[in-house]
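Chain naming follows the written order as A, B, C and D, and within any one chain the residues start at number 1.
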């Protein structure tokens, strides 16, 4: 049995029966129980190196496993491969010192603590445009002082530590710092009532006020924050695609189970062409999403920079596709699809923000178009290609 | 000042500042206060005849007024032109006896009571296919006994009476009956937790158990229920379009106010082409919805049957358009669009069911296509038209 | 019988049987014969004032008639309400002197001559952006000398005169001038092989070389060319929508005739849901196009400026809708839809350019979005409206 | 240099400069010259086994090469991997006897002859529903007599032989037979004027009239025709996707070269957001098409039956995507995109039929939906899965 198959069995046998009602969090003890069960099933922390208790999968092998995990909104938590922890683990594996890894990565990988990633800021700070970063890290004697306000800091309430993006006061470059949440300069602010509800710890404001940390709180090198952010964001964007695609598969299964049993106007619903249209478009969305995720993961494994570029395409396609699949599944379930009798309406609210978080569809489209024009221009300038716009305007 | 203009001023000056937070009902006293204010503004009950205290507008003049009302989710309540009461008032005006009008229509039109319309049933009863009606009305001595279960009965909790669709036990035809909700045979069942939240009284199950009514409870003629349902449903579908289109205009205004003030990547958001694409598509959706509503209302005023047919087209177009406009407005507002800092996310949840309620998009498409093929076939058979499919298959 | 009904009968009885094969022009003698027949049927020149031999319809009554005419690609020619002559007639009625009307409008309205409108230029001249106009009109003794190159000058080959847009050498403003095509300074240049084929006279280049005209060649006032262009373009854009919508209706009828007769996988095609989906979307596109055209025509009749603004919305919606309807009709006709056995493939090529000509979809979307943001800003600034973007960023 | 890279160089250096004007065939001598050049470049017949002079690529390696070939409508002809010959070669490699391979496959693989595949019939014969096959193969003494009419037989004019699908008179099963086109019972019928023009030999009717062949004309086993057709159609559908996707890349490059050089309203076109929207959607369509093609080819290499099923998804997605990319490229090129100054309009006409040929979008959607419901039903019945449609209707 592959790890994906084991994950499939685990999610269907253990996680599905433990799901809370639509719109609710996972209770802390259920979370613990599910994570323990995942360890027994041998499916816990699939993306983490074996030295930290994970299964050591390479990114090219994540898509199948993460989709199986995402079949339940709570599967990724059970496997400990949920955002933002999953991206933080990856970053800590790649960049942290051994000490930092022992202090932060190990308990995180084992599910003993949670974490958050403090980058996004209120307008006009860092949002779709990360370069607008306003939080500062000022050099102090033997350390740094962090000041600024963050928001949409997913998972912050209850997290043990945060990875913070701050602008180095002197150079203007960004630096990443590790901050324990019991630091007196760290404060959780107002709750943000977002349309998605499942995530532990919400998306609150976080305030850094005279938040002092020692030199060993710097994650990686000073001034390399934007580069690390890219290292983190490309794969993080793609694992979101994987998890949500799993949920889209679930939504379609719910709808298929329904059209199997219902009849309308004297026909089985599954034989009604207008239902078939919806089903077929779901399948096309799911299969093309699966294919672009797999391609992007393979590229990312070989060439992280090219993979990050392609992840914009995957993100736009999958986020739109997943929303559309769940929306159609609701349509196929009629009135029940509008209620908490089925979890579809809550799924729709869970995935809606994915078209905005991690770079909105429009921001990515802009980036995709600019990259396309630049690439073509370089090909032409290199002499490898000929222009093909030979319109003679005056004839 | 036209009635539409007065409604516009009323909604913006009085209703908007009184809106409850996203996802909440209107408190009973606010409701009363808003309805009193609407009477003072001279905009109350625009669709009801003057003899029952309304403004007596013909259906062709509803679109402008109802859109202005719908600019707030609570505007229609304030004006007393919200579903299901609005459709019930219309039906009572057309079909009820004078006694029934005094007893039910007058207090309803004056906002003193609420009502509900009990047609939809749990599967396999009346849903997308009304002909599957299972609730029965059995002849008794001097009256009728109603038995059956309904659900999605919008506004039922707190309603003073229901208009019930039941199958006449003898003839198999449907009959409409007026049932006071304090009838011992009337019972509100389980609440249905639907994705929309604003409506007073929810969408609960309603049970009729040995529910006995007198002969004078019959609304209109015995056995004419399906015909009356069509009389009610066509305009009711269209007034939904009008109200929701008003809400779509609101959503776009919220987004326009935002792109006016925000900048991104060094440009004003309103000058970013990818924002302009979203805005332009919103305007196109709004204007075409407005146009098809106006056309349908005019046709309906002249020829209710043709109007009901066209209302399928209006319903599909407007329900999809309104959802898309609000969805794009959320996108234009970025992260804030995903939270209760703006009401857009709650608007999306309010309008989502409109693509299913009152006949799903797919059911209407099926009806539209069948009507198109039948109409064309009749034209050909009448000899007025020639077939244009003169492909000679064997050449 | 209304004029629309008479036009319907004329087009179906007379024009349809006279259509040339797909991809061909109308022969000159057929054109003459059809125009004579249109006069006999009393349907000729519906949009032209009675004093010039037309039916004197106001613009609000054009939609029904022009749609009937457009049911054949050659109907508008037969009725003499085809572009560019139709727009030129309107402009001459509104702006020309009595002498100019007798010399140009009368024979044009009677179908004795054809005309063209010479505005568009090769890049970087006037195209999507009319302000880039490069052709010059230089004051001479008693007249003007015109120099410049135009292209996409529809109908130029065989036209008797052109209305030319040129930049007044001194003021920089644009002026319209009437130029006889036998003027030695007027020369038809290279043919442009465009995807649409039906129009008489093609879309060639036109060269003005030392083209001298007298003072009485000025159409309207000197320097008012851009204003007149707007007067011409708004309605011209809308009549295109009307005519093409007629062709979309034809395409759907062809497809309906086919699904009526064919069966597939043991079902009548008309009962296959995936065919019904296509048909329903066609109907929705047709009805919403009809509605937005009607609304725009009414607005235009009352307020030409507001009508011109709304015509951008109508143009984008209708041009996309018409293309989609024909495309789906082809799909419904399967292999035959791809061949000249049916005219659908040629229809698709006829309408494809409409999404670019008269302002591309993208140019109009840009204009629509800018107008929407400006209108909202003005409402706010006038104090009539309150901003609704009250997000408190720092919480 | 990989074979894909070599193909890229060959197509750009040799094929592009030799392309005929839009809408024209390749002249016979140009075809010969290009095929000779392809042999010199080492890129000829990439999909054919080395024993027949090809490059012996497995299907999982075709996508990159075929896309490069398809960058010109004439690249696949130059490489001898154009439909229908390419699919016929594959079938002959898999199923033909050694004698048949020497007689038909070898000259075909070497580009010395062309072939056709005679399956589709006029209505009500084999079309979207192959089971409707009407052409008969009747047992004679020592052979078979074929009778029937075919149409849309791509490449038939000028082909040296046909692979014919006929219904075995006795068993009712289909059999494939090899028929030389100089057989006196083989006759090319009427030309079909299809919207696509580039293919050699057109899509004419073909008549089999007392067409007698010997026993050794049977391809593979008697009665196995439908199975072989599936063997042929799955990959043939996918290679179409590959080739057309190459053409979509070409269309986008043409548009990118243009937006690079043009400016509009004072901005470089490439910086206009509404152009960026079009470009980004092109890239997303191209990348997702590439990904689903690659996935399908890999599946097909391992499990032809699963690959054939997935090829329905790839076919629908790619055929719609390719059409949309070319359509948007035309839009980006404005007026020139509508003319033969650029090849885009002719590209659109070349690819339009791909949404119908090889199973229309609607037929494939129907198949996709049925497969999805059946697969889910089997999973449930096997006990591996639980139904998730636990709506308690009566509450």
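Operating definition for what follows: contacts are C-beta pairs under 8 Å (C-beta built on N, C-alpha and C of every residue); 3 or more make two chains touch, one makes a residue touch a chain.
No experiment lies behind these values; they were computed from the predicted model shown.
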Both-way neighbours, i.e. chains that touch subunit D and touch subunit A: B, C
Target subunit D, source subunit B, minimum contact steps: 1
Between the pairs A-B and B-C, the one where more C-beta pairs touch: B-C
Distance from subunit C to subunit B - Cα centre to Cα centre, in angstrom: 38
Inter-chain centre distance, subunit A versus subunit C - centres from mean C-alpha coordinates, in Å: 49
Residues within subunit B bordering two or more other chains: 123, 151, 272-277, 341, 365-366
Category of the chain touch graph - line, ring, star, complete, other: complete
Contact set on subunit A toward subunit D in their complex: 12, 16, 250, 252-254, 256-261, 270, 273, 275-277, 279-284, 287-288, 290-292, 294-295, 310, 313, 316-317, 333, 336, 341-342, 364-366, 368-370, 372-373, 376-377, 380, 385-389, 391-392
Subunit A residues within the subunit C interface of the complex: 122-123, 149, 151, 189-190, 205, 272-277, 393-395
In the complex with subunit A, residue positions of subunit B that touch it: 22, 120, 123-124, 127-129, 151-152, 192-196, 203, 262-265, 272, 274-275, 278, 330-331, 334-335, 337-341, 345, 348-349, 352-353, 355-357, 360-362, 365-366
